[in-house]
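In what comes next, chain A is part of two complexes: it sits with chain B in the first one and with chain C in the second one.
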Partner chain A sequence: MNTIWALAGIVIKELYRRKDFYVLFVLTAVLTVATGSVRFFQDPNIVRYIKDLCMFLIWISALLIAITMTARQIPAERENRTIFPLLAKPVTRGQVILGKFLGCWLASGIALAVFYLFFAIITGSREHYWPVLDYLQAFLLQWIMLGIVTAMTLLGSILFAAPSSTVTILFIVAGGILFLGRHLNTVALHNPEPVRSIIYTIYFIIPHLELFDVRERVVNDWGLVSWPACGLATLYAAAYTGLFLLLTWLGFRRKSLT
Partner chain B sequence: MDAILRTEKLCVEYRARGLKLEIKPALKGLTLSVHAGEIFGFLGPNGAGKTTTINVLLGFIPPTSGAAYLFGIDVRQPIARQHIGYLPEMTYYYKFLTAEELLRFYARIFGLPSREADQRIDRLLKLVELETARKRLIKTYSKGMQQRVGIAQALINDPDLLILDEPTSGLDPLGRMKVREIIQRLKQEGKTVFFSSHELGEVETICDRVAIINQGELKVLGPVDELVAQHGVNLEKVFLDIIGYQPQTAL
Partner chain C sequence: MKRIHPGWLLALLLTLCFTLATVFVPRAQWWNAVPRAADWNKARSQSDNVFKLLFGEGRRLFANEMFVMADVYFHSGYYPSMFDRQDTDRDVADPAHGKAEDTDSTSDDFLGPPPDWLAALDRQFVPNRHTHLSSGGPSGHMNESEVQEILPWLQLATDMNPQMIESYTVGDYWLRRLHKPEQAREFLFEGLRNNPGNSELLFDLGTLYDKDLHDSNRARNTWLAALRCWQAQNDNVKTSMESKRLYGAITIALAHQAQEADDWPQAIKYLEMVKTVSPYPDAIQKQIDEAEKKVAGAK
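Then we have the complex of A and B:
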């Protein structure tokens, strides 16, 4: 476990020594503050729009950070050849995979926490109302969802040739699942066989990332999702994350490094 | 004397990419052993199989047949690498870290307690003369400095065996001399050093025994002074004779 934590620590150090996170944070902050300062038709519900926009930007930024950071981990180790001195130590390839996953997931969590803090400050300063538990639940669910995305990206980085293709494909896949995933069964119903079966299979195979999206509840103050439901969602995410990590390990353990 | 490093009829074959599925042998039954406390030079022209041998010893590639052992443990087991240090030919380290952070990272991998790691980091940075640059990012280092960080990381676990892949390659004369001094100091401390090099003068100065390979086959193995005495010339001439180099006659 020491090795896995040590590897994770390196990934986190890389995050705060690179500029990606700061750029995305500043962009999110500027867009939210700029939107919040405009008075749309003297609408008293402007805070709701700000919340909606801010949450959307947080989701996009968090996905960008998690995918771009994870996609370059293993390819960069191979391209810069840092994998050689690393594997010359008593480190297994499985530990490399787990360390990279843990590091990327924790680093995305840190970035996400900063985004949520900013979100709480912006909306709280407007509404004078602090639903801390709602924000905490939204943060936790999104972070758990990022675990699936991180594991999926790690698998992509083993399968696809370049980090840029991994980023593009994973962003399309994650975005596609988030926007269309919940409608696939309805789409299947309106199609003839064999298309129907194919769409149904996809519907049942894909990890339903949209289950973790509670933006609407936060924006409209609909209250908390029950904690047992959150627990089930966590188990669901753990199963998919474990599956993707296993597939990554199977792909990486025999991969030539030279 | 127990062999710290041992290969037995080691064969490695590479499959060429393409439709023909051509097989290229990189090592053909290499058998050698390195004993405790010796400095062992591993020589051969480019493409002879030196790096392939090191890659097998470090578990980067599996042998096609035969076996390799470090401290009697099959190299396919990660634990075989618990007591070795490895210095690659080029500098391959996380350039967004400082030397101190890099050494602390590797110390954690070996499970060193934090106080012991601190003491070892201080001692190693002093050994490689990087104390004043310890807080600077590695990306700001010169090539010589990066190679010295490499030596420090190879020694972080106080290894009994050091595997050095062309450690002085690309260094200026001063850098080479420093690396050589460090290797000699390690020998005095009783460490075993296995290193590949093209610098035959350097090998002749510091090695106890050498192995010369060519086209994946072991051509010669023995003490440096015996080889030199036997051929009546320096190691460079011995090497050129063994690999079958024919000087071109002047036109």
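Then we have the complex of A and C:
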């Protein structure tokens, strides 16, 4: 376990050494503050459009950080040939996969926590009330979702030739699931057989990332999602994360590193 | 330090020049075209419109989406997507159009029973009940002032399409309900600047003067202006149901004001006008008869 933590620690250090996080955070902050500075009908208490925009930017930024950071981990180790001394330590390939996953997931979580802190300060200063538990739940659900995305990207980095192609494909997949995933069953019901069965199969196979998207609830003050439902969603995410990590390990186990 | 190639500097300067030109040329044209100080404010709202600068006339396409967003916020996010194949009534506009606010209606409950276990789980994480911001919102205990959250979208809808009258009338209604008559008046003025002589906006302005600002003289003058503008329209426009409804609303408002001022001959004149478009001419005739009795009694 110490080996896995050591590998994860290196990835976390990478988060604050690289500029990605800072650029995305500043961009989110500038856009949110600029939008917040607009007064509609001289009313300083209108806040939901700011929450909406800020949450949207947080989701985009978190996905960007998680995917781009994870996609370059193993290809960079191979390209710099640092993978050989790493595996000679002795560190097993499974530990490399787990260490990289844990590092990327924790780093995404740290970045996400900073974003949510900013979100809470901005909205709290305007609304004058702090639904801390709602924000904490939204943060946890999004972080759990990032676990699936990180595992999926790690698998992609084993399958695809270059980090750029992994990033592009994963963005399309994650974006597609977030946008369409929830509606695939509705689309299936409006189609004849066998298209209906095919779409329904896809609907049940894909990891439903949108399940963890509680932006609408947070923005419109719907209150907390029931904790048993959150628990079920966590189990669902754990199953998919485990599956993707297993597939990554199976792919990486026999992969030539030269 | 690495030296920058002069070609890159030239390209940067050209980009800067182009950007500045896009900002200043429209302004310079406007300065030349608008010599009167009175038109200064009028034109500023148009030239300052960022959306016009970014999208040109194409921005009008987005106006309807902005209005829909106001309705989405009014329902606290509980709204059918394009995949649900169900249109929803724009409940945010109903009270402004004189319709009753149907808070417990199930006609917009587009979700139905969940088709599978995933959909059932998913519904725990999204807005899942039909509620209105004006009547308590999702918790049922929200202050009515929460309805202010729809206002930015109505403002954006008018920025995108200044000729979208419905955005002004709906915005005016909710601003009045939020006890912000000054802002409502400014919003209607903006609408009238962009749509001079619009009888619907003039009628709403008159109602604002009458009900909220308690200035019956201004209300009467504004309603009379609305009536004149309505009468000046093409005959094709006048025959539509909406237009007839507006004519009826203007004339009945004038008739009621005349009745309150004991100006019965004038009230009869307006009631006769109402009768031509009213779906209940008999009821109006009764009012006319009563008014004629009062006139006869006064003599």
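The criterion applied here is as follows: the second predicted complex is superposed on the first by the 253 of 258 C-alpha atoms of A that agree within 3 Å, B and C clash if a C-alpha of one lies under 4 Å from a C-alpha of the other, contacts with A are read in each partner's own complex, and residues count from 1 in each chain.
As a working rule, contacts are C-beta pairs under 8 Å (C-beta built on N, C-alpha and C of every residue); 3 or more make two chains touch, one makes a residue touch a chain.
Everything numeric here is computed off the predicted structure, so don't read it as measured data.
With chain A as the common reference for superposition, the partners chain B and chain C occupy compatible, non-clashing space. By the touch criterion defined above, A:D213 reaches chain C but does not reach chain B.
Using the contact criterion defined above for the overlaid structures, shared-chain residue A:V91 touches chain B, although it does not reach chain C.
Comparing chain B with chain C, more residues of chain A are touched by C. Contacts of A:E14 after superposition on the shared chain: chain B is touched, whereas chain C is not.
Of the two partner chains placed by superposition, only chain C is touched by A:H183; chain B is not.
Closest approach of chain B to chain C, taken over C-alpha atoms in the A-based superposition, is 17 Å. Residues common to the contacts of chain A with chain B and with chain C across the two structures: none. The part of chain A that touches chain B in the complex is made up of residues 2-3, 5-6, 9-10, 13-14, 17-18, 80-82, 84-85, 87-92, 256-258. Those residues of chain B that touch chain A in the shared complex are 55, 58-61, 78-82, 84, 86, 88, 90, 92-97, 101, 105-106, 108-111, 150, 153, 157, 163. Residues of chain C touching chain A in their complex: 73, 76-77, 81, 83-85, 115-116, 118-119, 121-122, 124-127, 137-139, 142, 145, 148-149, 151-153, 155, 175, 180, 183, 187.
Touching chain C in their complex are the following residues of chain A: 38, 40-43, 45-49, 141, 182-183, 185-187, 189-190, 203-204, 208, 210-214, 216-217, 219-223, 225-226, 229, 232-233, 236.
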